[in-house]
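Common to both upcoming complexes is chain A, partnered first by chain B, then by chain C.
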Partner chain A sequence: MAESPAMGTPSLKLSDNTGMVLFRGELKSKTLQEGLFEVTKVKVPAKGRINSLDGLSIAWMSPDELLIFLPLGDVGKLIDALDDKLEGEETLIWDVSDLRSVFQIEGHFIREVLAKNSPADLNRDKMRRGTFRRTRFGQVAVAFWFKEETCWFLICRRSEAGYIQRLFEVSTQEGEIPSFY
Partner chain B sequence: MTVRLPTGGTVIDRSKPITFSFNGKKLRGYKGDTVASALLANNQQLVGRSFKYHRPRGIFASGPEEPNGLFTLGKGGKLEPNQVGSTTELTDGLEIQSQNHWPSLETDFGSVANVASRLLPAGFYYKTFMAPKQAWKHLFEPAIRQSAGLGKPPMDNDSDHYEHFYTHVDLLVVGGGIAGLLAARMLAPTGLKILLLEQTPYFGGRLIQDHDEFGGSSSGEWLTTTLEELSTHKNVTLRNRTSVAGVYDHGFVIADEKLPDPSDNSGYLKRRLWKIRTKRIVLATGAIERPLCFVGNDIPGVRLASGIRDFLQNYGVSPGDRTAVLTNNDDAYKTAIALTEIGLSVPLIMDTRMEIRGTLPTKARKMGIRVEPARGIGEVLGKKTVTGLEMCSQVGEGTSLEIIGCEAIAVSGGWSPTVHLWSHCNGKLKWDDSRTMFVPDWQKPPVDSQGKQNIFPIGSADGYLQLHDIPVQVETTVKFLAQEFEKPLTNLELPEAERITEEKCHGTWLVPFGMKPANRAKTWVDFQNDVKVSDIDLALLEGFESIEHSKRYTTLGMATDQGKTSNVNGIALVSHNLGVPMNKVGTTTFRPPYSPIPLGTIAGTAKQELFKPTRKTPIDAWHEANNAHWEPVSDWRRPYCYLLEGETVENAVNREALRVRTTVGMLDATTLGKILVKGRDAAKFLDMMYTNNMGTLKPGRCRYGLMCDENGFLMDDGVVARLDETTFLCHTTTGGADHIHGWMEDWLQCEWWDWRVFTANITDQYVQIGIAGPQAREVLEKLGEMGLSEEELPFMSWKKGRLAGFEVQVYRISFSGELSYEISIKASEGLELWKRIYEAGKEFSIEPYGTEALHVLRAEKGFIMIGDETDGTVIPQDLGLDWAISKKKDDFLGKRGQYRSFLTDPDRWRLVGLDVLDREEPLPHGVYAQSEDQCDFGHPRMEGRVTSTYYSPMLKRPIAMGLVERGPERMGEVLKFNSGGKMIKAKIVNHMFYDPDKEVQ
Partner chain C sequence: MLKLLCPYCGVEADETELVSGGEAHLKREGPESSDEEFEEYLFLRDNPKGIIFERWRHAMGCGKWFHVARCTETMEVFGTYPAQTYKPPTKVLQEIKARRH
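Presenting the complex of A and B:
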């Protein structure tokens, strides 16, 4: 029953130029939701989701934390605009573009390679477009989501990027990838 | 002789011969063979020596229940000890070694006269431990180490790979036999995500061997159609060679997959550990045949009846010309019939039952096979292989009625459902007298988090051994599951099977029933651990009556096969001996794994450089290129020092420390934790976190702070910078970052949830570069577009600015006692700035320094280090840090703890400097000071210990700090430190060795 993928294994590359902004605040607050939307044009995502529009995405990190992805050059502007808009609200907004590494994963059998290292439910009905899954990859904390079935993103702490790269390499080396998902 | 027959063997490919070796001897097999079948085909009946008595042992079974046929496979990086021959596929060129014999398999010293069996009775180890202490070490242990044991561990690194794979499914079907396939086929159309795992390379279980027809066609056809149909369902995945090893809470299951060996001797992905979350488990694990207990039942040639049938039909291997059969049930007649049909001789079937009228016995009789009711075996004849047997009356004492010549004895003591996985999560078993087996007790099943049954045994795993019973039983379970999942069922056509009648299996636990005492010591219950009937007798006699006790006392079922063939017989013998019903005796506990899993599989990819993640700073590659000598600091790697060509580590450290004291040095301090704390209540919050006052800190200023746990013990330290009215940046130790962040969140989320504070661990966002030394300012001023003078940036203040064109924050703080700056910059720009500073510093002979020079510098200044001066039992007051404990604050974490009498004891060990006398070398690490008086136990009383010790290149002498009883009150006293019996003298001095008046920084 074992089958090897004919289409080859996925590849992983660092994606520079991704700006990231940490946003902590009372996410249930209407003022805050509306303020965020006005500045970003993107709605505050539901638990475990990521919402995107025109190169800006907002990911759900925890009940009071979001992570905003946008082009690196726009980070300063966004932070200023948010500070402006949400003045008086209790928030923590910080440029964390260098805090984490962003990887882009391309190819086939990405779910399978992730499933070798992450206990997340990668079934297609659970890990859907717009799912932002915080989990682990091997022994380090990561989050992943996908744009298309053949194009995924994964973030990890910057200092652990080397570990991720090596583990990904080992997980895609010659041998069998179980065709499962 | 066991030989390959000219025809037959459903799973071997006779067109693909394979060569392999056994103990160096070249042999031939076929693709599809297992190690066991290939050895038998080459008449290799003797395959190993038993664990304790070194008795000759042969292949006994055909599956994972095999107790004897364990081998060492491969060599070098591919060597694997204790591999089960009957579940290991033969590969071309495989080198097989037998185990546990000395000097050779054929002639084993240990078996001479079976001396050992009298020396190693039940409870041997316990009794031996009671003997004089010396006897164990000098007499028993060396002897046992030489004789007992299995294969030897590999000496080389494993050259193959392993990995894990996580899956989430609705339904896990364990076992790809008749029941498992049928259940999967019935449930496939529901769309449920189904994973079916089969431990062998083949699907179908015993269908093809034992049944001609199923579901209105040949059994082969039914199997092919079923597999084809299942392959059309995308929601169903079938994996062969995957053995489920354990079931845990919340539907977590692990399985061990063996991947086929490409045999090119290179490293390959060898095994995969499946980690499965499933909502429900269908247990179609089948049943395992039991042996019978009679004299000489361990002699090679005595084999399970089903095993003989498997080797005959699957691999075309004959057990020998004449096979006698001993049974207490109808199933073994299949073996007699199969052997006769192929043209081999079955001289006799001894059946322990009186009346034998079932379909199969009738067929056997019609074929002319001699069937003797109420008979058993008095003794097996032969030493290294069976040559014959003495038949006796089952109800008698073993008197020989007739001698029968034979080469093999097929034994069947009935079948035990494979209930291990049912039991792993506390599913209970009950003894079913009518079926003579322990079956799953559906009244006490394993349950999920909702308290609902989550494992459903079907087919022979639930005790239904007859083919015609299986479809109905599977249907009942399938209907229940479909209803639970709220899925409609379609097309539930039940396959038809021939209905046969059979006589009840007889509870025959000893053959013959009245076996003489002397013979009980020649009758084996557990083959792998060498447990005999007499051992069980002895254990019971000595009072070990609970089955859990007698198991441990005799080691019954405690070998690598976990008693798959021996447990039930053992329990029955206890029941029989004590006169207590089976249900009262109960079973021992089944624990994972079902079959052993190699450690490599469990480790998966977490080996070598992936054993543990190494965190690296953005400057890591530069350090590497500059010959960094590394040291691990929590999960990070940091340069301990940088080695110049030909330089020793010691000299490098001294050079680096001196460089900082004389001109300027630079340090990668990126690993220090950085936690952002922001909010209306941030100041109030930090006043609770730190022992000193943080609320009064002015924006633009920094303050060194201490953190204690609730008990008052010092936990972490670092510099806090106030960024603005509501924002603080807390620096932690390298190892403390994650913990302190979690600690803060714990208090915020669980205790002070109404405080308006947010935290963020932003350690990796910034590179932090320390520039220290008298010329630090000059270096930075070369790059600066910002004022760094004493007036513009006084000690313990910080500001934003630009250096070499980069946006930076500069902190004027010092851990070396020198003029010192810490520059914080975005991680992505850190390396570039590092290089620019290095360039700019060249005219001042700037050098990078590592962690050890950092420690030397701080120790010269008497600064404490978390983890050196602290060990979880030290409070700030012990370290003379009273000044950092606020007297004004109402509360802080640890305050109340520090009021406890023990922590306010004036005799506590406190921090002092130690000036070593009469010696050039530093004090050894961690040595204790010994006082003249004695403690309550008559040992010298300890009065202090060394916490930090270095050679100071600046002072050109060793320096040390230590915790000493009433230390600061005893300045000038000389202590004696015991270093492995050698006493080293050191004088108590002020621990600020260098620049005590702080004139430099």
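Presenting the complex of A and C:
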């Protein structure tokens, strides 16, 4: 039997234990790539991608910017290790955990709910595992990616998290979820 | 609806993810320029019906500025290219020529 939207309304919850470190620099530099890999054990992602291993993820934000996700308690340690490893290199390494919010979205029809509020191409061949898509959700800038079809993540500015939460609730009310994908 | 390929992240961005920055390839006039030249640089912009070169920013994305060659009449997009240039790349000019002759 095909799944119908009524079967599994997705839910959204803040993931406040996630730390975020912004990394800026010349991402094509071998020194930076190797340094990042030695410290995080995760490879610098290709354009538009996110790489994850054991609770640490690195996302591609722009040609000169990465965002590293890891448990909040490990942020200080990571920044120290990166500063150490990349001493003398031109970089900006900054704890942005308080600047942004991470949401975890669980359930079915998540693609549908995102597609209702974002112009991003959410077809399965475009929005694949490992794709990190920066776009908008309603009127605010976000980025999303997924671990599994039923487990997605979304980041936004912390000051706009309340808006995301309310818009998500409205978009997932009974009878409001279409079935596209 | 306008869709532009961001040359930095390779995302086909929707108009609503972008911010328009107006005419591209302006000549910056400095303090030694005449009042007319400076006025032209600051305020006067072309508004052609047809081919236009524009600046756009991938605001809800990578945040970078890029350039677009498009047609205001047919809404065709001839190409997008990074902003680190003074004039449109040959490839884009060839594309315009190919479609206009």
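We take it that the second predicted complex is superposed on the first by the 175 of 181 C-alpha atoms of A that agree within 3 Å, B and C clash if a C-alpha of one lies under 4 Å from a C-alpha of the other, contacts with A are read in each partner's own complex, and residues count from 1 in each chain.
By definition in this document, a contact is a pair of C-beta atoms (placed from the backbone, for glycine too) under 8 Å apart; a residue touches a chain by one contact, two chains touch by 3 or more.
Note that the coordinates shown come from a computational prediction; the quantities given were computed from them, not determined experimentally.
A.B. asks: Considering only touches as defined above, state whether A:22 meets chain B (first), chain C (second), both or neither.
C.D. replies: A:22 contacts chain B only, not chain C.
A.B. asks: Taking the superposition as given, does A:98 touch the first partner, chain B, the second, chain C, both, or neither?
C.D. replies: first
A.B. asks: Determine, for the superposed model, which of the two partners chain B and chain C contacts more residues of chain A.
C.D. replies: Of the two chains, more chain A residues are contacted by B.
A.B. asks: Is A:61 touching anything from chain B or chain C once the two structures are fitted on A? First, second, both or neither.
C.D. replies: Second partner only, chain C.
A.B. asks: If you stack the two complexes on chain A, which partner ends up touching A:48: first (chain B), second (chain C), both, or neither?
C.D. replies: A:48 sits against chain C, while chain B stays out of touch.
A.B. asks: Tell me the contact category for A:136 with respect to chain B and chain C: first, second, both or neither.
C.D. replies: A:136 contacts chain C only, not chain B.
A.B. asks: Which partner does A:121 contact after superposing on A: first (chain B), second (chain C), both, neither?
C.D. replies: Both partners, chain B and chain C.
A.B. asks: Per the contact definition in the header, classify A:180: touching chain B only (first), chain C only (second), both, or neither.
C.D. replies: The first partner, chain B, only.
A.B. asks: Intersection of chain A residues contacting chain B with those contacting chain C?
C.D. replies: Common to the two interfaces on chain A: residues 119, 121.
A.B. asks: Which residues of chain B touch chain A in their complex?
C.D. replies: Listed in rising order, the residues of chain B that touch chain A are 161, 163-168, 193, 237-240, 259-260, 268-269, 272, 275, 277, 605-606, 609-610, 612-618, 636, 676, 678-680, 756, 758-760, 762-766, 826-828.
A.B. asks: Could you pull out which chain A residues touch chain C in their complex?
C.D. replies: Listed in rising order, the residues are 47-48, 60-63, 65, 119, 121, 133-136, 141.
A.B. asks: So in the complex, which bits of chain A are touching chain B?
C.D. replies: On the chain A side, the touching residues are 1-2, 22, 24-25, 64, 90-92, 94-100, 112, 115-123, 126, 138-140, 157-160, 162-163, 166-167, 170-171, 173, 175-176, 178, 180.
A.B. asks: So in the complex, the part of chain C that touches chain A is made up of which residues?
C.D. replies: Against chain A, chain C makes touches at 8-14, 16-17, 59-64.
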